[in-house]
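We just call them A, B, C and D in the order they show up, numbering each chain from 1.
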Amino acid sequence: MFPANFEYVRSHSTDEAFAALQQHGSEARVLAGGQSLIPAMRYRLARPAVLVDINPIKELSYLHEKDGFLVIGATTRDAALEFDQNILARYSLITAVSRVVADPIVRHMGTVVGSICHNDPSGDWTATALASRATMIVRGKDGTREISIDDFLVDSFTTAIEEGEMAIEVRIPIPDAHTQGSYQKIERKVGDYATCAAAVQLSMNVDGTIRQAGVAITAVGHIAMRVTAAEAMLVGQRPSLELCKAAAAEAPKIASPNADQRGSAEYKKDMARVLVGRGLQESLLRLGVSL
Amino acid sequence: MSQISLNINGKTTTADVENRTLLVHFIREQAKLTGTHVGCDSSSCGVCTVLLDGNPVKSCTVFAIMAEGHEIKTVESLAPGGVLHPIQQAFWDQHGLQCGYCTPGMMMTSIALLEQNPNPSEHEIREGLSGNLCRCTGYNNIVKAVQQAATAMSTQAADD
Amino acid sequence: MTTEKHAMGKSMKRKEDPRFLQGKGNYIDDINLPNQLWMALVHSPYPHANIRGIDSSAAMEIPGAVAVVTSKELNAYKVGWLPTFHGLDKQMVLADGKVLYQHQEVAAVYAETREAAYDMAELVEVDYEPLPVMADPYKSMTDEVILRPDRENATNHIFNWNVGKKAETDAALEAADHVVKQHMTFQRCHAAPLETCGCIAEFDAMGRLQFYVTSQAPHVYRTALFLVLGIPEDKIRVISPDLGGGFGNKVPVYPGYVCAIAGALVLKRPVKWIETRTENLTSSFARDYHMDIEIGATKEGKVTALKVNTVADHGAFDAAADPSKYPAGMFGIVTGSYDFPNAYANLDAYFTNKMPGGVAYRCSFRVTEASYAIERAMDILADELKIDPAELRRKNFVQPEQFPYQSPLNFIYDSGDYEKTMNVALERIGYKELLKEQAEKRARGELMGIGLSTFTEVTGAGPSKHFDILGIKMFDGAEIRIHPSGSGIIRTGSKSQGQGHETTWAQIVAEELGLDPQNFLVEEGDTDTAPYGLGTYASRSTPVAGGALALAARKIREKARKIAAHVLEVSEHDLEWKDYKFNVMGAPSKSITMQEIAFAAYTNPGENEPGLEATLYYDPPNMVFPHGTYVAVVDVDRDTGETKVRRFLAIDDCGTIINPMIVEGQVHGGLTEGFAIAFMQEIAYDDEGNNLATNFTDYLVPTSLESPSWETGHTVTPSPHHPIGAKSVGESPNVGSPAAFVNAVIDALSPLGVKHIDMPLTREKVWSAIRNAEALAAD
Amino acid sequence: MKLEYNGTEQVPLGKDAVWAFINNPEKVASCLPDVKTVVVHDATNFDATVSIGLGPVRGSFKFKITLEPQADGQRMNVKINGGGFGSVVDLLAGADIIDNGNNTTTLNWSGAATMRGPIATVGGRVLDAQAQKLIAGTFANVKTRMAEQG
């Protein structure tokens, strides 16, 4: 299949891209990795009039730590994270998710920021951003602004980015030595959208209680969701099997999946429970807590 | 229409193309290199895999115009002068191909995989190739071929 | 002379590989003709609707638009309908008055570029009037809505087929100590080769059709095109280039081909059409059998009767590629490896609003469905009688001394040693240890399963007394020409899609003639040069074309004997063929090689006809019956329903092995396809007739990560009637493995009381079975 | 794929005013979300073009709409057939009109949509929720417009 034609704008700087987006308004879409957009265009389900290619913008391709955050630029590929030694050593949640997003080849083009902006209901990076309490940096008319991931993810394929704006960066707090995470995903095969997935990240106090908990589920609703009740239940508590089970049981309560070929709503809800439970246990195991 | 120039296998190809032209069609039709194939419309099969600046990408999911100024490597670059690349030799020795349709993409991914991880385990090979479908071989012999190539390439590197 | 190194039975590396490895394969989309047009098709979104009108005016506005063709134009040329292969039905080329399935071809558009063709296709406006949808053969059966008013009989019933003795079978079931009954469905699947189908049609300056096409059976295409288009066969050349897989998908003549040819004829320019993946997955299908199987047995587990009633969903047109006299293919193999004194199989086929077909998919015409049914049912019997599944099979195998074995459903099995093959498999997998491990795991509540399949196939269609397609008997031709230097060219009517004919055909001939297989060029796929043959599908190439090759080589040998006698100045009766050369009996030092004879054939033939060539048509006396034992070991995750195939061992017996490396490769590939069918693949439809698997995001092809690591082995029981004792192997793993996987999963779940789950065994289905069983246990 | 929805709207208008509104093609058309053009053929038939935006899927659908007022004045059925993106949608919607007596009316609505084509097969994973929003939005608009009118 072949896309419908479009106008192409190659931008070499954020300013250029921003100007193009301002100029073309709702007709324009940002072209980052293109790994969701181009297939949709090939089926002619998406037919944007103008594509603003941000791939040539060198200033947006970065991955480093700064002021307590891992900062990932808008054109940084998924694969950059997958093969980064620092991430492998210290970011267990990111490491886990970076190996199961789409497939290994798609990860060489796909971008983390682009995936979060796409805000697919089955997104892996959106759930991960929720569990790790990320912040998005968006360039608007009045300069850049920071938006917490919870405020950024509005609805399926809808974010807090307004017409003519563009996302610049995602910031993820650097996990300390007492923080570990896990990404649990069920997919029918590599490259499929998740049937259900859960992102979990736990931080411990020195006294063995849980200091902070990030729990998010995806593919079981309009959008990736934070399991707030589970997080609240975990914080301040000493981990136990019962606690994990109780926290996991909160996931299906907020899940509202559609039945499709990946499974019934009932199945997906139960998988939200199972995967959150497994994510919690694996995170704890990485923290040296065996239940 | 836009005029673009791509460096494919060290050679520059310049052509007028529509913005919507996919990289795979540019490679096959403008550069006349038909070793890179097309197998699906959904970015699922990986038979179109080429190296873009050394990284494997699905050339059906990149617009040709996006590749302007980048270096593309296709299967046709592997055996300059007819001497098979260790990965080609290994696929041959290990019966890692049958109909041959997925083979170019599979080999390009394998080369990038071995670049990243010169001594992969069976599981790492299976993970690394999981963006490329094969309908004929059942993958056993492809895994063996990558293992053989890993050995051959590390020996070659040691000799250099 | 490298004969010893590379003759029969040796893992010679493939001669075709260097071109594929260097990206120099020549597949259909690599071919472009000067001045060619591109064709695209317009498909129906409705599964059943009247067509009130088609408006192509907007499409013709696209720059580069050339023409739009609908059934009206095709009917004017009398090419609106196609005959189906076994002659029971005909098929629309483009929707004629109404559409009968979703994605049916409605119009063809022709343009200067491929992009323009797709732009045009998008703008052809079709006015549909939706009609009630029959998406279930059990619903079609009621004839409430007649789908095919074009047919003489106002019914959705296509045909009934039955074989065996019904009364005796019913009586035996009545009298049996124990009867198992199970309904099981073999879901609708698709072969999905990675290369889609496509063609280029050109009428050359002499008015001759040059037709480049992805075809597993080029000669059948040539004859079919004569029948459809009325073009004399000498004015048609079919060229099938390198094929990127086929597995049965490249057997049918698709509507797109006819549209391309019609376009080329009328527009007087070459027309190229390459399927999209969606077009590939929505134009035909395989399987879709709904089977009710019953087995009667004594309480000791000796089987006494088998009965199967099947409802077959054939979609909108009965476009199955079965031989004429076998509308249900070789389904009669359903008694499998077991000695049933009584058996009866009955099948009714129905039209539905689904894509047409019933084509074979890596299967000798419905053998897969039959093997699955019997191997599943034997396991259910074992479970109910509390007998070990291996023991139950052992009690009931056809014994080696019973061959040739007359089966109750009218096959004569050529050879086999089922127990030997099973013993090899059980020994190698460590069956006893596995049973012990399973018992320990069960005690801990873990779900581990062991699944067996001891299948028998029937392949090699076929003997002319039984088999034809479009009336053409299913024999194959082979031509061998030996050049003066001892190299040569081999041509057959078969067509490799990855099986490695360029290598194995050379090995057969080299073995027969004592020549070097490296020095043979194997050429297939061009009807101008290849001798007539029915093509490569249904595991028929080695049994039929392979037999033709061996016999053609022997014909050459007999001529060579005469030339050898002349050169050595002895009587040909004094010569014996031994150690790959002619030796003068009683004079060990006097001998002559085939290479020397070849030279003499062109330089010093004496009174003999010069040259060294042979053409031979082989009409096999019987089918061949490969068999095997497959063992799957699985672990099931109780929480998620995920099945992990921990081990899978395939011991195949395909008779004489030509190239062990290629045989093993065929088995690996077939097992991965069998795995996909067991766990992932289905062309599902919803109740409204929407096709739910139209691309690779929903028709799931396993990757290297899902696919298990395969273990293989073999026993060798040659076919007594095949010239080299070979059977076939390409389809065995796809035929035999689904039951092994399912048996293993059900075995894992049997402590919970689960008896059967229909394929594909998705996580959810397994999860659901576990949850239901737990709920029942809790009550 | 087949999708089914239902809901209830309370309208602050008498039943007769409601009945008059929903028998007016112009007014009904104005309630479709993101409607671009409307062509009214007669009292019960009109065509409407509607913008659709489901994430990356953006474009327009052309609908043929037929109003089928039931003789008893208690129910309105609406048949909507249309297409876009090479896909088709057949929608059968209906509302029972219940006179609450106090110059308010209850609309009990339900709709069943069948989607076919790439939008269902490729976009089906995310379609249900979006379609629900569109249909619920239409009936919510009916209520709002009527209220404005009242």
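Everything below uses one rule, namely that contacts are C-beta pairs under 8 Å (C-beta built on N, C-alpha and C of every residue); 3 or more make two chains touch, one makes a residue touch a chain.
All values reported here derive from a predicted model rather than from experimental measurement.
For this structure, the chains sharing the highest number of C-beta contacts are B-C.
Ranked by separation of Cα centres from subunit C, the top chain is D.
Mean C-alpha position of subunit C lies 49 Å from that of subunit D. With centres defined as mean CA coordinates, subunit B is found 29 Å away from subunit A. The distance from the centre of subunit B to the centre of subunit D, each centre being the mean of the chain's C-alpha atoms, comes to 50 Å. For subunit B, residues that reach two or more other chains under the stated contact definition are 18, 20, 41-42, 44, 127, 129-132. Shared contact sites, meaning residues of subunit D that touch two or more other chains, fall at 86, 118, 122.
Residues of subunit C in contact with at least two other chains: 115, 122, 276, 278, 692, 695, 697-698, 701, 703, 705. All chain pairs that touch, listed by label, are A-B, A-C, A-D, B-C, C-D.
Contacts from subunit C toward subunit A in the complex involve residues 114-115, 118-119, 122, 276, 278, 639-642, 680, 684, 692-693, 697-698, 700-703, 705-706, 762-764, 767-768. By the touch criterion given at the top, residues 54-59, 85-86, 118-119, 122-126, 128-130 of subunit D touch subunit A in their complex.
Of all residues in subunit B, those touching subunit C in their complex are 18, 20, 28, 33-42, 44-45, 47, 74-76, 78-79, 84, 88, 91-93, 95, 97-104, 107, 122, 125-127, 129-143. The touching residues of subunit C, counted against subunit B in their complex, run 13-14, 16-25, 27, 29-30, 115, 192-196, 242-247, 276-278, 497-500, 661-662, 664-673, 695-697, 701, 703-705, 707, 709-710.
Within the complex, the subunit D residues that touch subunit C are 1-2, 83, 86-88, 90, 114, 116-118, 120-122.
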